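Right, I'll just put the structure down here and ask away after.
When the chains are written out, they are named A, B, C and D in that same order, and each has its own residue count from 1.
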């Protein structure tokens, strides 16, 4: 069954006021909320339940060696990438694939920059210093949460790269369908940004 | 599957198909195979339970010296079989059959859609599921055997377990991902692809059940995925999410960082696994409601009540999970809270069951094979539900927690309950899928033998449980109270083996009817819902003309009509 | 869906949101350096994170312009379950039986 | 024909459920011999013997619940079987399209709600509270002991004469000599007893602080209607009072590894004098801990 003959792939459904892809993306994001929610819940539990001192205690700021400067810079990188992502969609709405592609490329480059910063300035030096996941529950959570988040970023980059490259052919066939797909990608991308907005203070500042 | 590279389109048509019907059949066949495999595991275990320490006759030798030296099962192999039986039955058998199989095949037809909302995603969820299933099976071949910490995988035991546990976790991550993709697809399909005139309250009950189930899968599974990732980290990266400080294993103090909480896993696990119980039962109720409506030739009693009860069940199922954890050291306030929510959740179940029973009143009951299974479902589900009461009350749970009573209870819900509903569904929709009926005589033999034997399997477990015998024991006779009920355990085992034999009727019937079954019309059961408006088997795109719906799903025996059924898509004649 | 000339208006909004997000990031970092109890820090950081998240969801994810009750229904269910999920820590840590003791040894 | 068989099967099932309690008569006689040990009590198909003060409450609740279940099930069953016979498809019989007003169903549902409320508020919560919440006061002269589970044995740690537990830590653990890890330098620990068998005095409140060294176990005393998970990193109290002397079994109810099934210990309930004598004998300085025959 080719998706063209299915209703509401492009036009919004009268009741839900969304086309299928957008509704599906939102549902997927709802499950993502539960996924990261469970991790945040574990964070609270392990932090509150940790012994005050001795083995297994929760690390203080001095012990974590996490730099808010790097984290803050990465926050800015992600926020900018969110802006360029939404600009890509806006450009498509205004009829310019050229501009949209440019914005998508910037988004992908920023995303890769985020991952590179994370790896080269945080993960690798930390692991060299012995601050590995098994070091403490803080680092266990830090690596799990940021690692899962980084995987989401990498997944996003793959999708964006697809829409810059081969996926863009769809624009010439059905510009609205393509625009919608970029909107869904955007929803996902903003969600990944949103998760980082919570991860940053929780891991770097509190 | 053949190596048919020459025929173009073979792979796209039968293997990587995006047609919901092909995917449904793929799910169904894979699921039934896993169901049979999981059942074989338990039949093997039942030998050890019945005759502890004796060599398994005939087949004992083939499992190798690592598992069964001289044909005698080792405790580690027993634990592997137990854990894999639970996992396979729940995550690889029943859920894929109910949601992936019936849901995929029937739901788009019942809402009058040409396909699922996202056909490619649909194909992907099947193949992710298949990958997960194969991963699970790989566990049997790694060092130390498959996962052996129970299907609940409680840490720290599972953290310390052999490599099989890692394989299990990876398999689970695949299965969860597959379910998430599937549930998104179902919800959007129901929301967007309904035929004209098919309002929400004209949906067949089966569709409602699938819809609520999809929400449960969508929102309950991610926490388990998170928990699975945490346990993988514990096992592979040496973290201690679930490892408290001061662990001493075999006299050796552990060097992990510590500070973790073993109960965190249980909370996250049961946050999924209780809704999962309703994932196992709601679609089954949906199937049974369809078949009862069709074979009583009257609208089921209280359709709206049933729908509301189902939605309420779905909601409540998220706030009862800690009744699995009464014995973990819970205070009075919490146990009272979870006992109360547990009592509350029993009410909608009673409502649905009562509604289905009242539907028999003033009916005209046809005892077809699917109807026999659907009817048997009712008392079996009743026993399963009622025996949940002593477990939901914390005081009686003290005596019965983690005993065979629990095993009896949930097996009555899912084995003669859900699995009977699965059989009912297979017999009911088989003519839609193949255009041919399954043989009724073989079907009736299958039903009666299954019905009798399945009760012989599970009924004794209540006595064994009341006697205080713990579950998951390799040999219960070391306990005085276990030895006293050993003969009941032997009875259960014989019941299980005979039940296995009874399935031969089904297997023969299933395969022979594909070619030899009686050819039937598009609507052999004189049913009203939309799937019967499509040709049997439905072609690509399902309906020749897009159906328009004029009425509710179960207009049977409408006064003043020639026939005793009025399909949803037929415009009314005066 | 918004028309082209609306979109050009939106773009200004996007830039505005970007500036707001950047400013809030700076504020949250600054707030964390002020001497105060951990509870205050948690509240301030989470409130700022929620405002930032709200901006992203409302503007970048177009929730401000969505006219859909169904989506809010999904959000509602999700929000309730999220709250339940976040209650797990207190379930594990609080309401132990009397005289229960954390730790095996001692 | 189907109908008749259905009736028979239904009746057999109902009967089977009916005899489900107080059916120890089917069981074996007193003094079952397992693992070379004589275990007291009469074990059968029903609940095991009950020798605790709070046990009758739990048993009563279980009995009431089962009568209720049988009543409801038989009620449903009669209705169902009647419907199957009366409304079977046959010539000249037609189904009624209209919906019946099912008042009895509403009564039934309300009845179930009321009944469950009574069970919950009247039985379950009070019993649970008394077992898990209302620990005996020091004036009740309870015996407090620690239960330390490990793969695959139970360690029972008694405070000895002084009533004080010695400090424990993992580093002091010695599988043979000091399985509970008692600090040899702590004077409180000098008279502590660690046993692989659980000895308790009859008719005296016992408080067990339950914990585990390694994985999660579950401390189960079927004859005393006691169960509490042994969770590493937590020490959770539970209490009971035995009413009868004899030798019984401590069971593990939670899967804890390969030899989970063998993780049992003798439970010896003694008169106050015998228990005192046992304590004196055990705290004699010769061997602090004798290897228990139940340990692997």
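Basically, contacts are C-beta pairs under 8 Å (C-beta built on N, C-alpha and C of every residue); 3 or more make two chains touch, one makes a residue touch a chain.
Predicted, not measured: the structure shown is a model, and the values here were computed from it.
Student: Applying the contact rule given earlier, which two chains have the most C-beta pairs between them?
Tutor: Ranked by contacting C-beta pairs, first place goes to B-D.
Student: So, comparing each chain's Cα centre against the centre of all protein Cα atoms, which one is closest?
Tutor: Measuring from the global C-alpha mean, the nearest chain centre belongs to B.
Student: Would you kindly tell me how far, in whole Å, the mean C-alpha position of subunit B lies from that of subunit A?
Tutor: 34
Student: Indicate the whole-number Å distance between the mean C-alpha point of subunit B and the mean C-alpha point of subunit D.
Tutor: Here subunit B and subunit D have centroids separated by 30 Å.
Student: Provide the C-alpha centroid distance between subunit C and subunit D, rounded to the nearest whole angstrom.
Tutor: 45
Student: Quick check on subunit C: which residues sit in contact with 2+ other chains?
Tutor: 70, 77-78, 81, 85, 88, 92, 96-98, 100, 102-105
Student: Using the touch definition from the top, which residues of subunit B touch two or more other chains?
Tutor: Within subunit B, the residues that touch at least two other chains are 191, 219-220, 223, 244-246, 260-261, 263-264, 268, 271, 329-332.
Student: Would you mind listing the residues of subunit D that make contact with two or more other chains?
Tutor: 132-133, 170, 181, 213, 232-234, 236
Student: Let me know each pair of chains that touch one another.
Tutor: A-B, A-C, B-C, B-D, C-D
Student: Could you list, by residue number, the parts of subunit C that touch subunit B in their complex?
Tutor: Result: residues 70, 77-78, 81, 84-85, 88, 91-92, 94-98, 100, 103-105 of subunit C touch subunit B.
Student: Quick check: in the complex, which residue numbers of subunit B touch subunit D?
Tutor: 74-76, 79, 148-150, 154-157, 160, 244-251, 253, 260-263, 296-299, 301-302, 327-332, 335-336, 339-340, 343, 346-347, 350-351, 353-355, 357-358, 360-367, 372, 375, 378-379, 382-383, 386-387, 389-390, 393-396, 398-403, 448, 451-452, 455, 459, 462-463, 466-468, 470-481, 483-485, 488, 555-559, 564
Student: Under the stated contact criterion, what part of subunit D meets subunit C in this complex?
Tutor: 132-133, 135, 148, 167-170, 181, 209, 211-213, 232-238
Student: Using the touch definition up top, name the residues of subunit A that touch subunit B in the complex.
Tutor: Where subunit A meets subunit B, its residues are 1, 3, 5-8, 13, 15-16, 20-21, 23-24, 27-28, 30-32, 34-39, 41-42, 45-46, 49-51, 54-58, 132-137, 140-141, 143-144, 148.
Student: Which positions of subunit C touch subunit D when the two form their complex?
Tutor: 96-106
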